[in-house]
Structure formats: C-alpha cells, structure tokens
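Below are two complexes that have chain A in common, paired first with chain B and then with chain C.
Moving on, here comes the complex of A and B:
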C-alpha cells in the first residue's frame, strides 16, 4: 500500500484569498482524509453587539462579509424588527429584496469568475468580472457604496430609489443579462469546463441532507430547499422556484449558480413591476426585548441569526451561523477520495467565505 | 467532443478584441462618481454648534470635537464613510461629498475652526425688546 503523506492546503493558497487550512492525507495522488482547521480571521464581531447601540450595530453586521454585506445587515434588521414588532413599509421590503437579489447576482458572478480562475480559464474569469463591474456601478449609484452599502436600518431603509432610476436600472439589467448569456453559455457547454468539473467531488442527496449542506451545495444534490421560500420580506409575493440540479458534482454546483443569476434577474424585474409607493423608513422608539431566530437565504446558502435583547439599548446576545460553516462537513466528505489536483476546484465549489464563517 | 475546445469562448474573445478597453485609464481619465457615492465628509463650519453628537456616534472615533478651542477635527484615514455622523448631526452641517479624499503618506487630522453662531443671535432681539418697552 502506498505511503500516507500529509499535504497542507492553505491557510495561504493561490486559489483562495481567504485563510482556511486543510490537512490532506494522501496516498499516491488520492486524498484519503481531510482535517479542516479554521480560526485565522476571527474578529469578534458578535461580541461588539454588547457595546454598540442596537441601531448602529447593523453597520457592524454588514461588515461580517464583503460580498453578502447587504443580506447580513438585512438579517440583523429583520431579527430586531421582529423582536420590536415593527411593521416595515411595503416599499422598503421590496427595495430590500431588490438589493438582496442584486447582491446575489454580484456574488454568483464573482464566484463564477473565481471558479474559472481555479480551473485555469483566465479569460473567462476576466469576462465574468467585467460584467460584475456594471452591477457594482448600480450599487454605487443607488446606495453610495460598492461593497458596504449602509442603506439597511432597523425600521426600513436609509435611502429610497426613485421610480425613474429603477426603470433605468431595468434597462441596464437587460444589457447585463445579454452579456451574461454569452458567459453562461461557456460555463454550460465548454469542453474544458466540463472536463474539469463533471463527476468531480460528488455529494449525493442523502449525504448532503445528513451533513447539513445549505444553499447551492444542497440544491446541486437534488434537494429543493431555499429559505426565500419561507416568504420573509417581499419574497412571499414574488414568484420563483428553487433552482435544483441532480448530479451533486462540481459541474452541478456551477450550474445551480449559473441558473440562479437568471432567477435573480427575474426577481428584480418582479420587484420593479410590483414596487409599492410610500415611505421607506419609520421612527423607531423603545429598545428590543425578547429573542428571535431569523433565517435567510444568502448567495451561499442559509444563514441563521439569533438575536436576544433585554430591553436596553445594547443587545444581549447575537449569534450568526453562516452558510460556509454549514458547508464545511459536506466539503470534507466531497474531498475524500478525490484527486489531489481537484482539491482547489472542489473547495471553491462550496463558495467558501471564511471571514463570514469566523466573524 | 468538439474539435476546438475553446470554440464556445471564441466569439466572446473576438468581440472583445475589437471593442474598446474595459478598464478606465485612471488617473489620465477621471473617474465618474454618482451623487450618492460616499467620498468624504465635509463640514459647514458656520452652522456647527460643537454639540459633539457626531463624535459620539462615530463608530471608529474618527471625529474629535474640542469645545474649548472651538475646533472640529477628523482623521480621514480612520473614517469608514458609514455616514452615521451625517444622520446624527442636529444642525445638518455635515454632508457627504462624492469625491474621495486625497491619498496621504502620513496619518493626520484635518482641523476646522468653528465659529458657533448661537449666543450673539439670541442676545440681539432680547436687547431690542428691552429698549422698546
């Protein structure tokens, strides 16, 4: 039997700018065991809640992650609003859904670029990111920021989008979608993409369910679970079906994201069509007292927020379970038995966000 | 299996060969900012009453208000442009400007002299009232 060797992967690795460390036990070229270790970028953001006014804490919540920043802020706000029994205006709900979907498009296209980079398709990477740039411009125009938006607040939004701006964004979206179609076709049909992804890192539906996979990782294994379906915010009024693929390999996970981008474009159009009139903000009085568990769908999967307030201006406990954390056990399973050369691609297909995971 | 493995990408590549550069030639070409772009914080020194609310609300402690010396100071490298101070200011004298502050090699504080308008204006009508009665 070939000798067992331990090969370290990360915390600094070219494929992933974020620090995750995996000890890969290999025999020949096959990975036989994987031991993950985390904790390189822990920043203690959850504890800050005990020192920041609950209204200002949303700015910290947004900074948990640079890509799902809007949805992190949204999760915090929705939790506090539930505790305080605040009825957010319908327009604010729709705008929140609009920005959340825009974040999803931005996150998925960013990931598609990174995935192309991981399997060595540099020009595809550049074209993906070129498209993403236009989405960042929409963010900058509407919120003022490109990465951290600071528009979501407890009780509504800090900024509104004028209806004529929304119509203009719809036209820009059509252009972006046309560009995206050409890129999506490459991911779908190109020989080298398929060669690198098909049949690699297979996770069966049963394993995915048992190991608690979330988001595109779970949906790629054939399980239709999407937290937006529970109807938080404006999602209850929007029509969509979770994107599901059957095979559970890297190609299926890529395809789920490729197709989800179209779904998000569709949801944004629905938001613009149904956008109600009215204010986007409300006056918030009093302090949160009680606890709430809020579940949302981020680009990477389900995120869980636990918020507990004790009636003072500081929240007592704030806990976030991010999707990447849930996807680490399935990742370990996927890596077992794979080729050493496929490890970077498989790691990337769960769309790992380590700074999110460690907060 | 297709004969040319890159065939799916060829059309996109040829198209971009004949289209202009996607990158802006910064700094030769000036960047375009939107009205909303969070660039830097500006202060209207004649409106400020040195109430210190902005300094209290700033999450990164970038603002310092010296009431005795009548100075309002901001450390630009600390500011994360969250706009908390802009929303907190009761006199609405802080604004978001859409140009980024210029790059620096040394961290410094920008200091503004504040001339609070408050007491003089109140005293005048009172004095007039006294003389007329």
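Moving on, here comes the complex of A and C:
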C-alpha cells in the first residue's frame, strides 16, 4: 500500500477565484480523504442587523455575494415583507422575477466560463465571459450597477423598467440566446469537454438526497427539486419545469446549468409578456415583529433566510443557510476516490460560492 | 504606456470580498476589456508577479495569507487595493471579524474606489501602479505626503 500524503489545496490557488482550503489525503494519484477548512472570508455580517436599521440591511444582504447579489436582497426583503404583512405590487413581483432570472443567466454563464477554465479550455472561458458582458449591460441599463444593484427594497423596488425598454431587452435577449447556443453546443458535444467530465465525481441520487445536496448538484443526480416551484413572488404564475439530469457526474451538472440558462430566458420572456401595470413601490410604516423562514432558489441551489424582528428598528436575528454550505458534504463524497488532477473540476462543479458560505 | 519595459504580471487574491470585485477583476482579463493587450497576465504564482491585486478586507483568518503572498513577491512590487472593502472595510468595518483595509497589513500603493470597482477604474488603477513600479525600479519613488491631517 503506498504511503498516505497530505496535499494542501488553496486558499490562494490559480483555479479558484475564491479562497477555500482543502487538505487532500492522497495515495499515489488517488484522493482518499478530503478535509475542508473554511473561514478565510468570514465577515460576520449577520450580526450587522443589530447595527443597521432594517431598511438599510438589504444593502448589506446584497453584499453577501456579488454573483447572486440580487437574490440575496430579494430573500431578505421577502422575509421582512412577510413579517410585516406587506402586499408588494404585482409589477414589482414580476420585475423581481425578471431580475432574478437575469442573475441566474449571468451566474450560470460565469460558471460555465470558470468550468471551462478549470478543464483547460481557455478560449471557451473567454467566449462565455464575452456573452456575460452583454447580460451585465442589461443590468447596467436597468439598475445602474454591474454586480451590486441596490434596486430591491423592503416594500418593492427602487427602480421601474419602462415597457419599451423591456421590449428592447427582449430583442437583445434573442441575440444573446443565439450567441449562447453556439457555446452551449461546445459544452454539450465537444470531445475534450466530455472526456474531462463524463463519469467524474459521480454522486448517486440516494447519496445526493441523504447528504442534503441542493440546486443543480441535486438535480443532476436525478431528483427534481426546485424552490421556485413553491411559488414565491411571481413564480406561481409562470410555467416551467425543473431541469433534471440522471447521471450525477460532472457532465450532468454542467448540462443542468447549460439547460437552465434556456429556461431562464424563457421565464424572462414570460415575465415581459405578463408584466402588469402599476406602481413598484409602497410606503413602509412600522417595524417588523415576528419571525419568518424565507426559502428561495439561487443559481446554486436552495437558500434559506431566517429573520426575527422584535418590533424595533433593528432586526434581532438574521441567519442565512447558503447552497454551497449544503453542497460541501456531497463535495467531500464526490472527491473521495477521484484522481488528483480532477480535483479542481469537481470542486468547481458544485459552483462553490465561498463568500456566501462564510458571509 | 511607452514606459513599460516588460509585461507586468499580476497576482490576485480575494481577501474577503463579496465576489463582486473579484469577478470584475476577472472581467478585465476577458474579451470586453482585455488587459492582455497591454501584456498584463494573471498569474497564480506570487513569485512571478509584479503587481498584487487585493480585493476585500483583512480579517483574522486571512491576514497571514495576504502577508505571505506579499512577502513571496520579488522586489520591486506594487499593491493595488480594489474596491472600498480593500481600501477601508466598506459597510463591513463594524463587523466583529474585521481588521480593516488592506493597508493595515501591507503597504498599498493605489486605491481603486467603487463598490464594486468598475473594470475601467481597475485598469486605470493598474496602469497607475505600473507607473509607480517603474519609479520604484529606478529608485525615484517617494511616498506621497498625506496633507491636511490636522
């Protein structure tokens, strides 16, 4: 039996944009055990609720993560609105769904690029990010920001999108989708992509369920679970089916994301079609008193917010359970027994977002 | 950019940013902004790098990592703090885990403001840093006096 060697991976590592540290115990080229250690980006921002008043806190919530910033803000707002019994206007709900789906497209294409980079396909990385810039342009036009938006607020939105702008965006979206089709084809059919991904890091449906995987990681193993189906916001009125793949390997996880981008484009079109008229904002009086669990589907999976207010300006407790945190145990399972060279690819396929996880 | 004798290589470390500034740093390298046309290449290895880009602020866990990377870089070197987090700590400065901006640990040459810092300003910051790098190489660099601190 070869000797067991420990190889440190991270925190500053070329393939990882974010710091995560893994101790990989290897025998020969095979990984036998993985010990993750986290905490490099811990900020402790949950405690900021006791310093910032509940209307301002949404700005902090957005800065949990720069990739799903809109959805973090949305989750916080939905929680507080539920506690305070605010009925958000239908237009605001649809616009929120629109932006949330746009964030999902942005996040998935960003991830596809990083994944391409991880398996050494640099031109694909560049092409993906080129398409992503066009999505950021839509964000910039409608919200003013590229990554951090600040449009969501308790009670509605800070900004409206005018109907003719929406129509124009629909046209741009068609162009983006056409561009996207060309790179999606590469992810789907290219020999080297398949070679790196098929059969690597397999997670069976049973393991995924038991270890509590969420989002694309879970759906790639054949379990159809999508929090948007519980119908928060405008999602109750939109038609869609969760994207599911069977194999549970890196290729399946990639395919779930590739297909979800089309789904999001479709949802955005539905939002534009059904967009109701009316105001997007409302006056908020009083302070939140009570508690609520708000569950949403982020690009990376299910996120849970716990919010507890005690009737003062400051919220008493704010807690976030992020999808990456739920996906770390499945990740450790996937890494056991893999080749050392596959570690970066497998780590990336759960789409780790460390700054969400550690906050 | 005629003063550039060589291609400057950068190393990027995400101290504890929210990812916002990180992906903007990456966006600088991709076709839309494409800093590679200036010869700027992102390196994973600090020993190859001239410019150190830090995003996010310093906390108790990553203080050693940042110091480590800085010490491994060969002289002359410049540090660019990207985003308000790296400059001052942003809205997280009140958090219990925060030490503060990057300049609490290592000397910073250029601060790039913005939350998130825009790719244009990041490129501008890096170009400014290259000027400083050149001065450091010729040993003509003087630390600017901070005035008006009364």
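Going forward, the second predicted complex is superposed on the first by the 359 of 359 C-alpha atoms of A that agree within 3 Å, B and C clash if a C-alpha of one lies under 4 Å from a C-alpha of the other, contacts with A are read in each partner's own complex, and residues count from 1 in each chain.
The working rule: a contact is a pair of C-beta atoms (placed from the backbone, for glycine too) under 8 Å apart; a residue touches a chain by one contact, two chains touch by 3 or more.
Predicted, not measured: the structure shown is a model, and the values here were computed from it.
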Contacts of A:353 with chain B and chain C, given as first, second, both or neither: second
Please work out whether A:39 is in contact with chain B alone, chain C alone, both, or neither, and reply first, second, both or neither. second
In the overlaid three-chain picture, which partner chain does A:19 touch, first (chain B) or second (chain C), both, or neither? second
For A:175, is the partner it touches chain B (first), chain C (second), both, or none of the two (neither)? neither
Could you say whether A:28 touches chain B, chain C, both of them, or neither, answering first, second, both or neither? neither
Is A:167 touching the first partner chain B, the second partner chain C, both, or neither of them? neither
Per residue count on chain A, the busier partner among chain B and chain C is C
Between chain B and chain C, whom does A:124 touch in the aligned arrangement: first, second, both, or neither? first
After superposition on the shared chain, which partner residues are touched by A:66: those of chain B (first), chain C (second), both, or neither? second
Touching both chain B and chain C, residues of chain A: 52, 59-60, 127, 130, 133, 145, 148
Flag every residue of chain B that touches chain A in the complex, lowest number first. 1-2, 5-6, 8-9, 11-13, 16, 22, 34, 36-38, 57, 59, 80-84, 87, 96
Contacting residues of chain A [partner chain C, same complex]: 11-15, 17-19, 39-45, 47-48, 51-52, 59-60, 63-67, 69, 110, 113, 125-127, 129-130, 133, 136, 145-148, 353, 355, 358
If you look only at chain A, which of its residues touch chain B in the complex? 52, 56, 59-60, 121, 123-124, 127, 130, 133, 140-145, 148, 150, 158-159, 182-183, 185-186, 189-192
Tell me, which parts of chain C touch chain A in their complex? 13-24, 26-27, 30-32, 43-46, 56-57, 59, 61-62, 65, 69, 90-92, 94-98, 115-116, 118
